[in-house]
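Some structures are shown below for you to check.
One chain, subunit A, links the two complexes that follow: it is found with subunit B in the first and with subunit C in the second.
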Partner chain A sequence: MKRRINLSYYLITFILVCFIAIPLIPLVIFSFSYGWKWPDLFPDQISLDAWAYVFDFGSKTWNSIMTSLKIAVTVTLINLFLALPAANILGRMDFKGKWLLEGLFYAPIIVPAFVSVMGIHMTFIQMGITDTLLGVILAHIIPTLPYMIRALVISYNTIGYIWEEQGKVLGASSFQCFFYIILPFILPGIIAGCSLSILVSLNQYIITFLIGGGQVMTLPLVMFPFISGGDPVIGSVLSLVFMIMAGGALLVMDVLLKKYYVRNVTLHFS
Partner chain B sequence: MSFIRLNGVEKEYKTKRKQTDKRQRFCIRSIDLSIKKGEFFTLLGPSGCGKTTILKLVAGLLRPDRGDICIENKEVTRVPPEQRGVSMVFQEALLFPHMTVGENISFGLKMKKINKRERTERANDFLKLVGLEGMNLAYPSQLSGGQKQRVSLARALVTKPEILLMDEPFSALDPGTREEMRRLLKKLHRELDITILFVTHDREEAFELSDRVAVLKNGKILEVGMPKDLYERTDTVDVAEFLGLRNIYYGIVYEQKFSCDAFQLQLLNYEAIDVTKGWLVIRPETLSIQKDNINTETNSQYLQGTMMDISYKGSFYNLNVQVGNENLYIIQDTGTEFTFVKGGIVWIGIDSTKLHFIKEI
Partner chain C sequence: MLQKSKPVIYLFPATVVLFLLFGGGIWNGLLQSMGYFPAANQYELTLEYYRKVLVSREFLDSFLVTIRIAGLSSIIAGVIGLAVSVLLFILTKEKSGKHGLITQKLFQLPMLVPPLVAGYFILLLFSQSGWVSKWMETFGLIDRISDFPVLVNDSFGWGIIMTYAWKESAFVALMLHPVLMRIKDVWLDVARVYGANSWKYFKCILFPLLFPSWMSALFIVFAFTFSAFEVPFLLGVTYPSMLPVYSYNLYVGGGLEVRPEALSVNIILVCMVVFIGALAFWVSRRWYRKGQGGW
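So, the complex of A and B:
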């Protein structure tokens, strides 16, 4: 019986890996080709031209990666700062009109962010922060904040007030309670929220394009013209770069957060 | 001189029960309490009577609507819990799961910014005191229920608080462990010279541990006193009922004689000039089944009844005898050479000095 479970486990894993990996293989091959035309089974020429072009010294790629990451990290930090108090209340307190507030906070998940950004665009023009990094960062908060709040609300939901009460009667101030007791409890939620926030921010195209006005070049903005017909070889290189960037960002964040709370928190929850 | 004092404290609050999703309103009404230094004081009452609320008010986790709370002659009504110098142990151990036992115990010291060496030292001392020496590197998930509560106790005591508040700390433990924990707590109370305010709904626990007990019902204190006084000479019929005294009979007293529908008894320690209405309380262990109706002692009087129910409890019998239309519960030593028959006629010997009359107000 146990063997069979093992077998099916490996089978499912194998199938899933195939689903994820197989579409990537042509992408990788494509990126090293010099144009891969039908009906060739393999490209007739292998070339590093596309990679060289993308990472050419002084190219836009490095700058756009840095811009993308800068925006994503800043947005995530702001989100964390905004979402912690909100989730604290939404996750643990009952009050009149809570559903309305929750609905407002989660609305950007359902309503396309584009809708609200159209309005914000006008305001930003008046304030003079269109075409700036600040403007893009502020605009990115709209589609990302709901995910952060959602993840933290669920974390707060499960802990109640009893742990803080215990902390306080042992002499911990409110800040100490939060830092030493609550934070480790909600760390899984923070990791989930931050991951979503970073990914959603990295993926933004329309909002960045609208508010940034082509002055703030993130990786999706650089990538788009190549994919939509410019040069699919360079497009595929950029796609791979994007994947590495997103995966790397998540990995770094995960490691940093867990390193700070040295022990593997989730492991010792009773 | 009182160490902890509550003056006319009132608090109303709502709770939402998770299971039923029904809102419940609780309130405590004009509570006056005064607890001496070094005393083991227990709040005893059924669930929902507000005893935990009082504890939380003393801890500072709740603020009273009216009235004030003093600790060591200082008003602390508006002082936050972390500055009151009180520690509290809850029903569950609530050990922080991401910290080792050692770190859990030294948490309070860490909050006081005491250096690490002293923290470890004192944590180890207290771990030894609660009988868990060498467990400081274990994680809470590796401990049993009793061990967790021991660590929780050590964690509360390590900062050397003047006052320890305990909210039904042993009710979630199995009976054997509970006994052990009570002994430990008694020992710690003696050794550390600490004032303990304890909450329980278990009267045996309250009697065994406490110097004084306050009996609560519906957010009100019914009576405060030493366990023996409360059990033998309470002033309120509610207290007698809650303390498990089942032989309570309503009737009148006139000229040292109590009469109710079922029987008449001589009262030696209560004298009423006028006809007084009230309750007679007969403790079940003061009654004894007699072999024959032989009147030897002058203090004794006898009632005849029919044996209705016999249950064997090991060292004693629980008997239920019907006298007239009333039932008498009797606790009888199993050491005596009696064989009881259900439906048989028995004589009950009553010690008149041990009868207690509560006047109706």
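So, the complex of A and C:
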């Protein structure tokens, strides 16, 4: 009996690993291939040409990675400043008409961003912010801000007001209260919110294209012609770079914020 | 005074930004879908464009294809997500090891993959000259590239369905996770005492408990797939295209005079998605109210 369970457990795990990993395999092989023909299971020749092409500093790809990250980080910082005070109230207070505000804050999660961006396109043209970084950043706020607010509201939900009041009684300023009491509490929420915000911003294709008008080239925009019928070798490399960029951004932020967290908490207790 | 106005000041920035960008965008889209276009001196509101869209063959075909693809993707993702989380749950409990957690975490990876890249995975695997086709030739199942069925950029939408089934099954599992966490170990033992096998345990105990979250996860996946742009843009066909792609083609492909039609497609899309979202919310809410005493 025990053996059968063990066996089926490993079998399921194996199937699961295949389910997740197999789609990645042709992509990785393609990125190192040269002249891979049907029906060879693996290419005859291995080449790093495509990687060299993509990682040529100052190239279109390199610039687009920088543009993608610049937009994602700016959008996330703006979101953080907008969401922190809003979540502070939404997560801890009940008031009349709260559901209406929550509706406005969470609706962009389910309503696709291109709908509102297409609607606002004309206005952006009149304001002269299409084809600019500013316009794209504003457009990216729509699908990302709701995730930031949601993540922070969940964090604020668990705090209540007693901790802050205790700090005030002991003579802490509002600033100190935030940094030494609130921040350590909500940091996991900040990490989650920032991660989601960065990831969602990096993934945007259509709204960047509509507002950026081909002038603001992020990585998905540079990648698209290659993966839709273009060179599959470069398409594969760019896809891998895209995944690494997204994963790397998440990792760096997680590490940075955790480092900050440890330093502050130790400071706090020492 | 300052204390009273504090919530308002705190909520103000985020509200204004979303109200202007999101609300303003929808509002502008609604006006333009009714033909309001000041730049061309058109100030009259009309429902003519909605009529035009709703009676057109293209819209009907796009609508049907969108329902089919979104429906199949959410059902397949739902079945895979449910099967994986329940199997892992039961097996981990019986084995009482810690591996289950790592596997669960691993299973969430597809969610982090950018949609365009996930679509490209499927394209490289299942296109006529893809990796699967290469394996089939090696095993002698097919002789020519053209023997392999068209599964990507096909008019049925299998490529899009496979991409979302792969990506969203992880989301379904994530939604089921909190419910599974609340299920006590002893319930399985109790079920055993009364003579239930694993299948009975699933059918009579696990599934009824999971059902509301599972349904609401399915609705959310459906709404997402229904309104997603990137993957259908990469893996779809020119005709019939999914509604978001259809709207985009009208918007950029046609002249200024068809733009109101694109925006009416958008507004119809929003109504559908909001309706489905409300359904998901209602399903989960009803369960919370009823389920409190249950467990």
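Just so it is clear, the second predicted complex is superposed on the first by the 237 of 270 C-alpha atoms of A that agree within 3 Å, B and C clash if a C-alpha of one lies under 4 Å from a C-alpha of the other, contacts with A are read in each partner's own complex, and residues count from 1 in each chain.
By definition in this document, contacts are C-beta pairs under 8 Å (C-beta built on N, C-alpha and C of every residue); 3 or more make two chains touch, one makes a residue touch a chain.
Keep in mind it's a predicted model, so treat the numbers as computed, not measured.
K.L.:
After the superposition on A, what does A:171 contact: first (subunit B), second (subunit C), both or neither?
P.N.:
first
K.L.:
Who wins on subunit A residues touched, subunit B or subunit C?
P.N.:
C
K.L.:
When the two structures are overlaid on chain A, which partner does A:141 contact: first (subunit B), second (subunit C), both, or neither?
P.N.:
second
K.L.:
Just checking: does A:132 make contact with subunit B only, subunit C only, both, or neither of them? Give me first, second, both or neither.
P.N.:
neither
K.L.:
Using the touch definition from the top, say if A:94 reaches subunit B (first), subunit C (second), both or neither.
P.N.:
Once the two structures are laid over each other on A, A:94 reaches subunit B alone.
K.L.:
Quick one: is A:47 in contact with subunit B, with subunit C, with both, or with neither? Answer first, second, both or neither.
P.N.:
neither
K.L.:
Tell me which partner A:162 touches in the superposition: subunit B (first), subunit C (second), both or neither.
P.N.:
first
K.L.:
Taking the superposition as given, does A:118 touch the first partner, subunit B, the second, subunit C, both, or neither?
P.N.:
A:118: touches subunit C, not subunit B.
K.L.:
Please write out, lowest number first, the residues of subunit A touched by both subunit B and subunit C across the two complexes.
P.N.:
none
K.L.:
Provide the residue numbers of subunit A that touch subunit B in the complex, in ascending order.
P.N.:
Touch residues, subunit A against subunit B: 94, 162-163, 165-173, 176, 180-181, 184-185, 261, 263, 265, 268-270.
K.L.:
Considering the complex alone, what residue numbers of subunit A touch subunit C?
P.N.:
5-6, 8-9, 12-13, 16-17, 19-20, 22-27, 30, 38-41, 81-83, 85-86, 88-90, 93, 95, 101, 104-105, 107-108, 110-112, 114-120, 122-123, 138-139, 141-142, 145-146, 149, 199, 202-203, 205-206, 220, 223-224, 227-228, 232, 235-236, 239, 242-243, 246-247, 250
K.L.:
What part of subunit B is in contact with subunit A in the complex they form?
P.N.:
Interface residues on the subunit B side: 16, 56, 59-61, 80-82, 86-88, 90, 92, 94, 96-98, 107-108, 110-112, 139-141, 155-156, 159, 165.
K.L.:
Once bound in the complex, which stretches of subunit C touch subunit A?
P.N.:
7, 9-11, 13-15, 17-19, 21-30, 32, 39, 84, 87-88, 91-92, 94-95, 97, 99, 103, 106-107, 109-110, 112-125, 129-131, 133-135, 137-138, 145, 166, 220, 223-224, 227-230, 233-234, 244, 247-248, 251, 262-263, 266-267, 269-270, 273-274, 277
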